[in-house]
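There are structures below to look over.
Each of the two complexes below includes chain A, the first together with chain B, the second together with chain C.
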Partner chain A sequence: MTAHIDLWWLPRAFILGLLAFIIFGPLTNLLLWTVAEKWYFPHMLPLEYGFTFWQRVFSPRGNAMASLMTSIIVATLTVIVSLALAIPAGYALSRLKLPFRGLILLAFLIPQAFPNLPVYVNIARFFYEIGLNGTIAGVVMVHVTHGLVYAVWIATAAFSAVDIDLEEAARSIGAGPLRAFRDVTLPLAAPGLMASAIFVFLESLDEFTGSYFVGAPVVNTLPLLLYTAGSGGNYQIASITALLLLVPSIGFMLVVERFLRADVLSKVGH
Partner chain B sequence: MQTRFLALLLVLPALIMIVLFFILPLFASILGAFEVGDSFGLGNFSKSFDLYSKDMIFTVVIVSISTVLIGLLSIAIGGYLTLGENPRSVAILRWLYRWPMFIPFIVVGQVLRTFLAKNGLMNNILVSLGILTPLQTTGFLDWRGIVIAFVWKQTPFVTLLVAGAMASLDRSTIEAARNLGASRLRILIEIVVPQISGTLLVGLILSFVTMMSVLSVPLMINAQSPTMLTADIAFRINAHGDYGVANALGVISLLLTAGVALIYLRQTMKDRL
Partner chain C sequence: MRPFLSVEKMSVGYGTTTVLDKLDLGIRKGEFVALLGSSGCGKTTLLRTIAGFTKPFSGSIRVADRDVTQMPPDKRGMALVFQSYALWPHMTVAQNIGYGLKLQRQSRENIDARVNEMQNLLGLAGLGDRKPGQLSGGQRQRVALGRALAIDPEILLLDEPLSNLDARIRLTVRHEIRSLQKRLGITAIHVTHDREEAMVMADRIIIMNTGRIEQEGSPEDVYNKPASPFVAAFMGAENLLSMQARVQGEQVELMEGSFNPSIVTALAGRTLATGPIELRFRAEAARLARSEDKTVLQPGTLELRGQVTSVSYPGGHWRHAIRLGENEILVDADTPFNQGEAVRVCIPAKSLFIFNVVEGLAEARAL
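Moving on to the complex of A and B:
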């Protein structure tokens, strides 16, 4: 092998570097804003760094802690309701004979397949009449409807990936249908269900449009706080809130493959 | 027969949620669009066209440009992941491209608003590198900012689908073409892309619909006129309590999406049957 100089590394490195800048430049900018005490044009970097704004955000009087709590309560309730609906539905869709199975699966996609803004506007109007507007329950309902496609589709795939022979073996040695489900199928499908729970949790945590119409200003979730802080020109508070929303999303991206194994992933939507 | 009944019973609660909290309000919005005072008519639509026809064109143009860019970028990235011959670059790219995927739109709006502004970090860097002078800087917080935000956020999602489909292609035709001396670009365009066009289409349509309904990005990056229909709908409700025009605008954006959604439905039905 003679020395072979591959000059292609140059454009390759350039393009990868550019891509890295496009992706991480804005994110670095966000991090800088969270610790910038003083920053104005034309200085490339902040003039003073500090954590004054963090103290303000996390002080007992600050409304960020309240928003964080609201967001976590809403997201947790959304996960509980979604799974309570999706586990039976997913089991039926994967194991039992169901007329119009393909159409039913598609029906859960409807909330993602139409622009949902006009829908939220009318839900807000309807909720206002029955007193659900500005309540946690109302926001949870909206989030459940939106996240149900992930919950049902991933739960269906998770149950499909469990070997049906194991369930039948449990039945043949005398376990009832509920017992076989609880002791065999459910534990084996658990990683997939966990993935769908995380998906729904993040969807709820990040949801803006529905909360904006149904929840605001009473139910003040983190995205709403971010929006009000940002439009008030308070970029530090907005950036700290954005960071709080960012961390779980990025963390999930890094571990998603551990929960969503290929055998489950290949069955999503089938 | 009994298990069928049981199966329906298990699915029903979830379906009821969809009907009650999505399909019914959807019909209410369509009905509301034709409600003028106590009677029905097209008044809301003529008012919508008078006030917002510019924004309708603006919306369609922005979402279309973004969709095309997302498609091209996802083919380029997916293609390199599949056909790239430098394992290290492929690994770096695979690690790199996904980052924006799970970042919520509202965060994307905030992040890019500070990054792309006239005195944002991007211009500051260009100025301190000597590429621009402070007088030459321009902010990108107009239609370009919205397109950048959409492409930045949606490309990883479509790429994930496209790269997955490309990875499961039969490698033998690719190797055969490679042995016959075809360039990688030609293999990508003539062999790989035609075989994954279904997946690409599904990804692009889902992105199209998502972009049509995102409210936070236009509100945060470019809320002045011309803006996107989503921002107009929010404005009609919050400033005027005008459900008629808001619903009419909703129906218009629904119709714009419906054409695209039809293609999607045909595609999935074809795959399923």
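Moving on to the complex of A and C:
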């Protein structure tokens, strides 16, 4: 009996090992590339280690810092615009008995439903005509259409999780509608809204296609730099940039996990 | 004198369904009124409309000659205590109670003093820094009450505030709320489906059924002089018998049936017509006697002959199920009778609730 169980561990260990390799293999490779001074085929490991590329990336003349700043500015603006739209929209969708509530929620998925490339090419053409191409505002608008689906869906769920009695209790003892919203509904929905903000931020930080068509080459976000470096064969710069992108993602995911309560998640899409 | 709160010809509903139709209601200042009815009768809708959370289709609501019909809830000078308490989980007990005062832009010292006063009044002293999640059900209920009372509302609205408490606490909280209301002289409207709760707490009981007011009056009135079969049944007169009646002047004769000799009694204010009637009485209003017991009955006492089918002891007295042909009635007695024993059930005239049977209604009930 025991031997039987022991035998079962073999395939399990193998699958676990394989999974670990699939997840951590590329990561390790990426980390190695960031500190490799010299590394070429057929060597398994870099021949020389060092931080000269880091210096190059972070030097005042390198574009990495500028791109990082651009990315953060775009992402922050995207979050602000998305939440400014998602808070009223999410509140309305959660509170009012709107007809076609499900359809409205679904409509926010439309930007995701079509192939990205033709959509963005057309947007780029249109933006070019009205002078939005190559501007931060243009890139932010593209990112907002993309991020709004997370923002609205999660905001709707977050507001639905706040019992309407709590709001009415405030109204009944003298709070106007805006005051009740500010003092009761908003603080109680804040964790969910925070989570949606983080999702939008990460989406924007990561977004490539739209940024490429609408922003490049004037608005140079981090993924665009990564693309240029990668396609130019400069793996060190590409890896360091990728790492820069990875840090906020992992950090925020940990925060989101703390903020998004199960009762909010369960209301997504309802 | 005009009532302090008056509701006139008010119709309320949701979408195309009308819940309350042309309802009229007046409440005096300082009065404690209970809206009593089973679930779905419209009592909560009435309360929420008075509070301003539901807009009436037509009609008006006035408080002290001020028309509040179109006013938002926060401008009405009322405070609603919710069935769920609706305490704000992100605020402490003190912040919950003080929120209404903060809205009135009162000074910090004033707010602190009033919050302390409320906490002492409601036995919440020392709990000011707790969050609602750390309180027991009874404490939460009192915080909800304190939050409503802190702003010194003109009208206190209570939406089944005791239904989430366990039975023993509920009994004490009833009296607490009632004595508090008397001491502070607040006008209060209390929605409940618990008859005893309404009887104990209210100056006046308004019994509602399917969106209409069936009867309003003091607890004694609605208990002893129910104006309709619904009120009689709701107030505990569950025993139901069908008979024929003949009205002659100020007298009514209940015709002889298969279980009873005929009796004649005074109308005593009842409005009855000759024809089929339904007769209701409470289990505790009837007296049980052995069939060989030949005590002479007071004139007007209805006597029924039946057989004991079962005996139980709910506490205090023995409850007997008595079979009368097709019907079964419940009668209380201080001493138990034997199962199968033939008995006489004697019901004094004043405990008989007699109503004419309305044609359509009788058929509806038979279904």
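Just so it is clear, the second predicted complex is superposed on the first by the 262 of 270 C-alpha atoms of A that agree within 3 Å, B and C clash if a C-alpha of one lies under 4 Å from a C-alpha of the other, contacts with A are read in each partner's own complex, and residues count from 1 in each chain.
Criterion: a residue touches a chain if its C-beta (ideal position, glycine included) is under 8 Å from a C-beta of that chain, and two chains touch if they have at least 3 such contacts.
This is a predicted model, so every value here is computed, not measured.
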Partner chain(s) touched by A:M69 [first = chain B, second = chain C, both, neither]: neither
Touching partner for A:I173 - first (chain B), second (chain C), both, neither: second
Which of chain B and chain C A:V247 touches, first, second, both or neither: neither
Contacts of A:L47 with chain B and chain C, given as first, second, both or neither: neither
First (chain B), second (chain C), both or neither touched by A:V184: second
Chain B or chain C, by number of chain A residues touched: B
First (chain B), second (chain C), both or neither touched by A:L148: first
Parts of chain A lying in touch with chain B, wherever the complex brings them together: 8-9, 12, 16, 19-20, 22-30, 32-33, 40-45, 85-86, 88-89, 91-93, 96-99, 102, 104, 106-108, 110-123, 125-126, 141-142, 144-145, 148, 152, 202, 205-206, 208-209, 212-213, 223, 226-227, 230-231, 235, 238-239, 242, 245-246, 249-250, 252-253
List of chain B residues in touch with chain A within their complex: 3-4, 6-8, 10-11, 13-15, 17-18, 21-23, 25-26, 28-29, 32, 86, 89, 92-93, 96-107, 109-115, 118-122, 124-125, 127-128, 134, 152, 206, 209-210, 212-216, 219-220, 230, 233-234, 237, 243, 246-247, 249-251, 253-254, 257, 261, 264-265, 268-269, 272
Of all residues in chain A, those that touch chain C in their complex: 163, 165-166, 168-177, 179-180, 183-184, 187-188
Contact set on chain C toward chain A in their complex: 51-53, 72-74, 78-80, 82, 84, 86-90, 99-100, 103-104, 144, 147-148, 150-151, 153, 157
